[in-house]
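The structures come next, written out as structure tokens.
Next, two complexes with chain A in common: one pairs it with chain B, the other with chain C.
Now for the complex of A and B:
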């Protein structure tokens, strides 16, 4: 039995949890490779034109896995607490994959705290489908979950250290599945790494802390889980960075609201907003990254007389 | 006894502004105005000040608000729940502020659209609003919503066949004018009943088996004629019986009966796929089984739940041999283009019928 895991969307939220869980119950997994041109092409071909680029990539990864494993892992995750949810593209994924590839064998379990379907129950169900007892699955889940949590806590600590240090620093505001995707965010983070600019990520923040910061900033609960976390990250880290980079894929629902709000509300930091779609345009992105870097460098040089209203809008 | 200086405006979505106006006038004592009717200019200003990627209703409603603000409106009304709709209020408020309009934004709900929540929001603005008064107002607008949706549904099914063209429209407009003065639910009900009688007795000449087209999709695009390029009018003029789902009263129920819709979707979906897309799928499945001639799926550009639904509707279309037309509305949609597509769609259905006989 070999389980295929598409390296896209939810994977980037749950990478450590999922991989450790399957390792703990002794099931072999295959994760699709980092996104490449071929996968993008397959995804675009099998999706509705208007679907967001990230979900097209997901479909491409599923198609890649179709003949390479026994079952594809596409859990249906609506939320991880009540009064919050993922974007509809994410919690509609299971039904989308099922309707796009009717013959695919899908390993699925539902997580929906509104209906008391907890994450732990979902993993017990997954274990059942793979012939494991409840105790085995629960233990594997708990171990995986604490491993994933400590990995994240370590990452947050490391980021806080980095932000205390010197040097030019920027903050990336982008869904994890875009930031770390080889065809979306990698080119951008590579550019900053090459130029010795330190990168902080808005999603590396404690979830509870982020929710509280977000509610404070908007006077309203943001019910999109990922956006709430990212905005909390911005609120927490914005004073310690030189500039903010927003990365979205076209057309992103949550980002269409919050990117605009951030650009309108944050007046004291340069903001670069990059929207990526399947029409590959590296040269354009490079040019914009260069001019953004020039702006934050220039601001550093003139820091004794900071100009308050430097903004960079697309 | 209206609060001085406050002029409230609800965006244009079909005829539902009358409901919003009643709610605001009676619960908050604000004066209300109707936003200037939507035109190409509304879309242009709305789009100019909106983010690119946002769904079209954001742009149209922002255009409505700016045009209303030009005429003096200073209080704007948004539901504050839904998908992205739940955040329209904060972003639109920010944009209007940046444009220099001093205004107030009222979000009627937060996260879950319950009646209790509506009372909480309104009484926070008007502390004198008693629960009894609110209940009376709410019962009245609930009655009116149900009645107007029922009347409109009946008309939609029969308008193509009326003998004296324009009679339905005349009665329906008269109903809307008259019902806004109803003091309570009972009064609204009797006005509704009187007009129901008038509307049902309009002379029609309906063939036995007219072409029947279903309309499903996202509520704003389905309900607002400007956004679907007066599709209903065009279809009626071409002798089509229209079965439309997705008016306010059915949507209000639909939000709380997602599990029911998922169950009734013929196994095409196993879970809630977001917003009103479940309703679209359940109804498409039902229509497909009832042997409808064709289904038109309408959504504003970049509406993510409906995009997910489209992948599934394609399977329903193939499995049940039902033609679908997918229409995406954005600020560049031209009426002539849509009408050409409708014409081709109806031609195709007529030919398909010919083959079946």
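Now for the complex of A and C:
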């Protein structure tokens, strides 16, 4: 039995949890490769035009896996707690894949705290489908969960150390599945790395801390889970960086609100907003990255008034 | 021999070259159409400049900007290859040191650059769409059977500009036809178009930006006095158009060349050398990167476009 996992969307939120869970119950997995043009092409060909670029990529990864595994793991994760909703593109994935590839064997489980479908229950169901007892699955889940948590905590710690250091630093505000995808964020992070600019990621933040920061800054809860977390990340790190880069894929619903909101609210840092789609236009991105870099470098040199928060509180 | 610095700006529509001395005085300049062949256009510009140059000067450093900056930078062995935003800002600052806002509408790009105390603080560029740029005006002028020079003078005679929707070129065009069919005069339509360009620019590129005086307007469209007048009316502040506004990008890189302190020997006979470019598709992995190879007299000078080492051409 071999389980295929598409390296897209949810994978970037749950990579350590999922891979460790399957390892703990002794099930072999295959993760699709980092996104390449071929996968993008397959994804675009099998998706409706209105889908966002990131979800088109997901479909490409599923197609890649079709003949390489016994089952493809596409859980339906609607939220991670009550009032912490994922975007509809994410929680609709199971149905999307089922309808796009009717013959595909899908390993599915539902997480929805509104209906008391907890994450642990979902993993017990997955274990059941793979012939594991409830106890085996629960133990595997709990171990995987604490491994994933400590990996994330270590990453956050490392980022906090990085931000204490000298040098030009920027903060990337983007869904993890965009930031770390080889066909979306990589060109952008590669550019900053090549130019010795340190990169911090808004998604590397403790979820509880992020929620508290978001509420403090904006006076209310942010509906979408991922956006709420990212905004918390911005609040946490914005004073330590020289500029902020927003990366979104066309046409992202939540980003269309929050990118605009951030541009209006943050007046003390240069912000670069990049929208990526399947029409590969890297020349335009290069020009924008270069001029953004010039601006943050020039600001550093001129060392103007020390940065301070400018916020419009409601 | 006195030292001189050469700056070249290779845009989508036109190619500009300028040579300055140590005190930023112009020694020679040239402005020609790119006509889809940037290398030939640069050769023509260099020939024209060579003819205008005083023999007591020698070019010690060259810089390129504009959308073909990398290609031409490689061909000429440029020391400075700079994005258009920074180049335009530096060039304009050398002429108007207290400039706060630069409006630029070129052949296919439009941008806004905000400057505070001589440092670029923020900028914006048009996104996916080229609505309201020079190429739109050119095509509409052709459609109305008008010379571009008559376009502005006719627009200035209008007392009641027709309202034209300029959010999108396709809609603007059908609106234009409609206005003509219901009986608006050509002068009113043309004036309406100029106004639409301004409104489109301010609502898209200039959205949310604080435009402060002194304002400098550049790019090919700044040659259209009717558009300038509309900008002044809408912003309620004077808008400066430098007669050499089209050379600001080239001037900017020339100034940056001077600042770089690096020196090289440059010979105008480079125009006799045969440069050939070839686009190839790498077949080593599914990304199929498009690689551009530049050949000088038959030997490979440089190549770029590959995402990884597998595509390296030399």
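Keep in mind that, in the parts below, the second predicted complex is superposed on the first by the 303 of 314 C-alpha atoms of A that agree within 3 Å, B and C clash if a C-alpha of one lies under 4 Å from a C-alpha of the other, contacts with A are read in each partner's own complex, and residues count from 1 in each chain.
In this text, a residue touches a chain if its C-beta (ideal position, glycine included) is under 8 Å from a C-beta of that chain, and two chains touch if they have at least 3 such contacts.
In this text, all values refer to a predicted model and were calculated from it rather than measured experimentally.
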{"item": "Superposition on chain A - do chain B and chain C clash or fit", "value": "fit"}
{"item": "Touching partner for A:283 - first (chain B), second (chain C), both, neither", "value": "second"}
{"item": "Partner chain(s) touched by A:302 [first = chain B, second = chain C, both, neither]", "value": "second"}
{"item": "Partner chain(s) touched by A:152 [first = chain B, second = chain C, both, neither]", "value": "neither"}
{"item": "Residue contacts with chain A in the superposition, chain B compared against chain C", "value": "B"}
{"item": "Apex chain A: angle to the C-alpha centres of chain B and chain C, given in degrees as a multiple of 10", "value": "80"}
{"item": "Touched partner set for A:38, first chain B, second chain C, both or neither", "value": "second"}
{"item": "Partner chain in contact with A:270 - chain B first, chain C second, else both or neither", "value": "second"}
{"item": "Touching partner for A:223 - first (chain B), second (chain C), both, neither", "value": "first"}
{"item": "Chain B versus chain C as contact partner of A:215, first or second or both or neither", "value": "neither"}
{"item": "First, second, both or neither for A:110, with chain B first and chain C second", "value": "first"}
{"item": "Partner chain in contact with A:291 - chain B first, chain C second, else both or neither", "value": "second"}
{"item": "Distance of closest approach, chain C and chain B, by C-alpha atoms in Å", "value": "5"}
{"item": "Overlap of the chain B and chain C footprints on chain A, listed as residue numbers", "value": "264, 275"}
{"item": "Sites on chain C touched by chain A in the complex", "value": "67, 82-86, 116-117, 119-123, 125, 127-128, 208, 285-288, 307"}
{"item": "Contact footprint of chain B on chain A as seen in their complex", "value": "47-48, 50-52, 76, 78, 83, 87-89, 91-92, 94-96, 98-100, 102, 110, 218, 220-223, 248, 250-261, 264-265, 275"}
{"item": "Chain C-touching residues of chain A, taken from the complex the two chains share", "value": "36-39, 187, 263-264, 270, 275, 279, 283-284, 286-288, 290-291, 294-295, 298-299, 301-302, 304"}
{"item": "Touch list for chain B against partner chain A, complex", "value": "50-55, 83-84, 86-87, 90-91, 94-95, 98, 107, 110-111, 268-275, 277, 301-302, 304-305, 307-308, 310-312, 314-315, 328"}
